[in-house]
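Chains: A, B, C and D, in written order; residue numbering restarts at 1 for each.
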Amino acid sequence: MSKDSFGSLFRVTTYGESHGPGLGGIIQGCPPGIALSEDIIQRELDKRKPGQGAASTRRKEADLVQILSGVFEGRTTGTAIGFHIANQDQRSRDYSGIKDIYRPGHGDITYEAKYGIRDYRGGGRSSGRETVSRVAAGAVAQEFLRTLGIRVLAYTAELGGIQARVQDMAGAQKRPFFSPDPEVVSIWEELVQEVKSQGDSLGGIVEIRAENVPAGLGEPVFDKLDARLAYALMGVGAVKGVEIGAGFAASRMRGSENNDQMGPDGFLSNHAGGVLAGITSGQPLVVRAGVKPIPSIAITQKTMTRQGTQTRVNIGGRHDISAIPRIVPVLKSMVMLVLADMVLLQRAVKTTENR
Amino acid sequence: MSKDSFGSLFRVTTYGESHGPGLGGIIQGCPPGIALSEDIIQRELDKRKPGQGAASTRRKEADLVQILSGVFEGRTTGTAIGFHIANQDQRSRDYSGIKDIYRPGHGDITYEAKYGIRDYRGGGRSSGRETVSRVAAGAVAQEFLRTLGIRVLAYTAELGGIQARVQDMAGAQKRPFFSPDPEVVSIWEELVQEVKSQGDSLGGIVEIRAENVPAGLGEPVFDKLDARLAYALMGVGAVKGVEIGAGFAASRMRGSENNDQMGPDGFLSNHAGGVLAGITSGQPLVVRAGVKPIPSIAITQKTMTRQGTQTRVNIGGRHDISAIPRIVPVLKSMVMLVLADMVLLQRAVKTTENR
Amino acid sequence: MSKDSFGSLFRVTTYGESHGPGLGGIIQGCPPGIALSEDIIQRELDKRKPGQGAASTRRKEADLVQILSGVFEGRTTGTAIGFHIANQDQRSRDYSGIKDIYRPGHGDITYEAKYGIRDYRGGGRSSGRETVSRVAAGAVAQEFLRTLGIRVLAYTAELGGIQARVQDMAGAQKRPFFSPDPEVVSIWEELVQEVKSQGDSLGGIVEIRAENVPAGLGEPVFDKLDARLAYALMGVGAVKGVEIGAGFAASRMRGSENNDQMGPDGFLSNHAGGVLAGITSGQPLVVRAGVKPIPSIAITQKTMTRQGTQTRVNIGGRHDISAIPRIVPVLKSMVMLVLADMVLLQRAVKTTENR
Amino acid sequence: MSKDSFGSLFRVTTYGESHGPGLGGIIQGCPPGIALSEDIIQRELDKRKPGQGAASTRRKEADLVQILSGVFEGRTTGTAIGFHIANQDQRSRDYSGIKDIYRPGHGDITYEAKYGIRDYRGGGRSSGRETVSRVAAGAVAQEFLRTLGIRVLAYTAELGGIQARVQDMAGAQKRPFFSPDPEVVSIWEELVQEVKSQGDSLGGIVEIRAENVPAGLGEPVFDKLDARLAYALMGVGAVKGVEIGAGFAASRMRGSENNDQMGPDGFLSNHAGGVLAGITSGQPLVVRAGVKPIPSIAITQKTMTRQGTQTRVNIGGRHDISAIPRIVPVLKSMVMLVLADMVLLQRAVKTTENR
């Protein structure tokens, strides 16, 4: 485990702040021979790009990725893949007013406690903008997983307490809010407009589903596949809860209800979410993340200055109303990064006999 | 991340199965000079010992720990601490009947998919018995944390859907079910008896609270403190969900409601659960784990044999009715292991200036 | 990298001191299905057992290994292999006289600087006795490598400045001093007797050779195979120098002389020692370690007490005259541990296309 | 251990090839508050810049570094420091002739065995050009070490078999060949001209010395400080041997000669090279690396094509005659990276009592 690195064999390490020259990272362990280009990564980056939906910031960032190494004649070489995404619309001046104020719900106070120094421009390293590197790395993982037939889908299961019916996961990829439910979209849009007019913000729940995952991924004891998923998703800024399969609902079931029995055609249910004893069973992986509302709101809040005096703050500016939908491709990327890594770990385990 | 190892600087690596000679582990990175003895570890092991409450297995294990290295004249030396807990009551014969059957809700089928070989005696490495090593390691972490004034409490917030009032967390340590609520105990005991008579099992929710945690623990980006906690707790066999602070409830709040504002005496609420941007704020850490019902039930279930034929199985034997309460000291241990590691990581960061 | 752990995928973590209950370790990542028993490990341990040759200590240790987990019905299960070797002949009284004295050439002074506390009995964790765990782990690695046809040989190339002719490496495994040269044995024995009578000690050079190593092992940039070997060997207490292939001699060659050209049947020389750009070429791996003389000598030396006063010390007792030959199986084990790990890492890299 | 990453707490991860857009890396774990600028890094990069001395390539690279993150108002923030060095003079056409030929002494054949694909332009990831990132990272480590008063010097101890007298290590930093001996410079220059005229190349020996290193750095067992140094130096492309202190010469000494005794003013010699039992003693660290001659020579050599047919090759082009002197700042950087990491690890160990 390492602060800016994720994964053991398929591993990404990132850098960058929202107001520096740019953000990027290095992907280690991507197998050789995978078709890869800037266009392929760009397609995924475009899904989290700001300024696209009702709930998004008006900050304009083209988020154009440049591949710096590790690709030769359109294929990965097996060596480190460097990539960089330049910042364009930095507007440092927006943030100078809050230089000495701890914004409620932000890391201002904790970064200062940790480091004794703080890049106050847009949150520095704690900015949600760091997730652009996660999506770029996830796009590379996706190309690798594609060669194995593994497909990962992510969609919004709930926004501001209003649930979607999870019925069209594939279609969700192109629908507003990555909604798996065509009918809930307009209801959510109304809610977003209402909350925006109040200067407030919204949370929600994102579900990620991986299909065609081979049985046998995951490690015993500490490094279970579900542990890795929980680590991956909870490490995304806005996430406050993670559950797999039936999740917290399983804690209210009896064993006879929660157990997934097996019939002649395989499992009869999937309360486990595709993982037994930390290892994939071959059933679809199903995991959910609870996303808190964006803390930057245009409502006056009580807070403290760096000098310890009481004050009030109203965060105007170009903020999203909700981390949803832009967090959806980020969470999907994290699941893909976990799976790519676990596939490589499992390759190492395999012997001639059990191959 | 590594299957049998946990932590980066304060790190435990474990071995052992329920039906071999014993279980144990190696603790690396425990600072020198900490008072430590077998008695200190034993006190914690006794809290998860089988055969103690209404919900527990009748398997008898003394679970006596032996320290093998790293302690000299009653104090840690800073070098590797080895420990071993011998198995006593192994009764392999109990399990021979299920050698060729995949028990629903167990890792039988996934271990076999992963390794092509399976120690069918009591689940082998996937046995819940491996958690004895976690508690031993947690006891060592606790002694280290004690020197810093950090205190971790764990208690049952819910059993079989029946909530406790979380009101006496310190008293919970000595109450049946580690209940923070004296009045719910008898209700839970009735429920356990009822479910036991049905041959069924129960889940629940455990909450862990760490007090006097210094601000500044946790790392940016991937290795946030909450990510580590999620990894730690979700890596315990029965856990299917993890949330921090308000958790999933935060996803239904507005930002104005969820944000923890600050008054002259500090934070006015703790929806964040003590973590902002992945780093501790100095508020108490509050994290919850959703625990699924024990899959071994005395009710006939549909399943499959290793040969792929349909069959039915009724798991008799000496099983717990619920992972609660024995899982409570296990989850507490995981939180302590995370904190011990994060404290050491933070020491490395500190410079003279910000100390 | 971690003090008591070695390797990334095939990984051993050890504990133990020379005067505690025993020493042992945990092996992670050994593939499933490898035939393994205590007898197999014991055969290797017996090669480094004290009390065998002219140069060895008279300390008697049976060094009997017990496997604690990870083996089921004679085969590895793929999960953690725990092992323990009990100390029998501890004689703590031998060491009480030097409790407050820093022995020249030993870690007494540096351990105390590091930890502020020191287990003075036989060097504690810095005792050469810790290498017993390396040999046990190496024996397991050897069984895995055997399934791939890889064979590792180690032998003494030089003792006390007297070179052996490296001509019978296979026979060396059963010859005194692990000598690859039958004729040098009696010369070395004379030298040992002479130095022993002087109360002094000897160093030497050990060469390790791995045959049938597949091309492609090793990683680019920092984690080259030769870097790993250097780390592995230099991490053994007495080693002060490591070279691969022509080693330091290559620094005095011209490029035209040092380069290994290729003819129709492959390489025409092996100055590289089997590694090009950090990756195996398919030629035999050849690596050498320079071993310093044992620092414990029966000659009076100037030193300091813990209190900083000047004193003299004469280390009597049951010490080896040279780390050779007992270090030979230790160094062989380290090379095998490196190879086992690198094989697993390479498995993860392989794609369908290049398999 | 990881191919493109080095270090555990003070950690650098790199990317880049000699013929792509550029090279760079990410430094994690640099403590906050260290003064840092592009100028500071540039000064070190300029020391390894091509085209400076008699032995160097005529390739022109400005090697201008750009800091991408982790520095705010002239000081490190404690978060990831990204940096990039653009390639300018790529000339891919120089290499097209050897696309299908395995150059003797190069990684062409082993990279192809490993990955099944090879970026043949200038060696791809195996190019010596990757060391530019090591020097950039080393420059950052140097700034951190400077705040602790630790100073690292590197110099050429031998070139083409001709030894320097190691007498002016500080002056060596500004002398041709980083020579610690003013008189040997002209002799080495003559040798270089002679070898160059023959189309051949030269090796040598580099010594690195660290002064004012605190006692207590390094870890027991596997991760000894000397093991880390060996790993660090042997991982640089041209290095074939590493020794610490007396090194291989110690293997020919008696214990009474090799042991560093202690007088009233401390150690009476430094055969150990500043490390006892893997941990620094407070004496200067002294380590040497044996550097092989550059394999690219303008002399016809026998080799093989990718298709397995016998051929001959004459590597013209813009190559260095020797890795010395450009490798000197690279090796110095590796030692500084090791020390920075070990300092951070030691901080974590320290307790109030032994601080």
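Simple rule for what comes next: a contact is a pair of C-beta atoms (placed from the backbone, for glycine too) under 8 Å apart; a residue touches a chain by one contact, two chains touch by 3 or more.
Quick caveat: nothing in here was measured; it's all calculated off a predicted structure.
A.B. asks: Starting at subunit A, how many touching-chain steps does it take at least to reach subunit C?
C.D. replies: The fewest steps needed to get from subunit A to subunit C is 1.
A.B. asks: Let me have the rounded angstrom distance from the C-alpha centre of subunit B over to the C-alpha centre of subunit D, please.
C.D. replies: One centre to the other, that is 45 Å.
A.B. asks: Roughly how far is subunit A from subunit D, going centre to centre by Cα mean, in whole Å?
C.D. replies: So the centroids are 38 Å from each other.
A.B. asks: Provide the C-alpha centroid distance between subunit A and subunit B, rounded to the nearest whole angstrom.
C.D. replies: Each chain reduced to its C-alpha mean, subunit A and subunit B end up 26 Å apart.
A.B. asks: Multi-chain contacts in subunit C: which residues touch at least two other chains?
C.D. replies: Residue numbers touching two or more other chains: 2-5, 8, 14, 32-33, 78-80, 114-117, 125, 220-221, 349, 351, 353-354.
A.B. asks: Taking the touch definition from the header, please name the shape of the chain graph: line, ring, star, complete or other.
C.D. replies: Graph shape here is complete: every pair of chains touches.
A.B. asks: List the residues on subunit C that touch subunit D in their complex, please.
C.D. replies: Residues of subunit C touching subunit D: 1-6, 8, 14, 102, 104-107, 109-111, 113-117, 123, 125-126, 130, 158, 160-161, 195, 198, 200-205, 215-224, 226-235, 237, 240-248, 250-264, 268, 272-273, 275-282, 290-297, 299, 301-304, 310, 346, 349, 351, 353-354.
A.B. asks: Provide the residue numbers of subunit B that touch subunit C in the complex, in ascending order.
C.D. replies: 2-5, 11, 13-17, 20-26, 28, 32-33, 66, 68-70, 72, 75, 77-82, 84, 114-119, 124-125
A.B. asks: Which stretch or stretches of subunit C touch subunit A in the complex?
C.D. replies: Per the stated touch rule, the residues are 8-9, 29, 31-34, 78-80, 147, 220-221, 344-345, 347-354.
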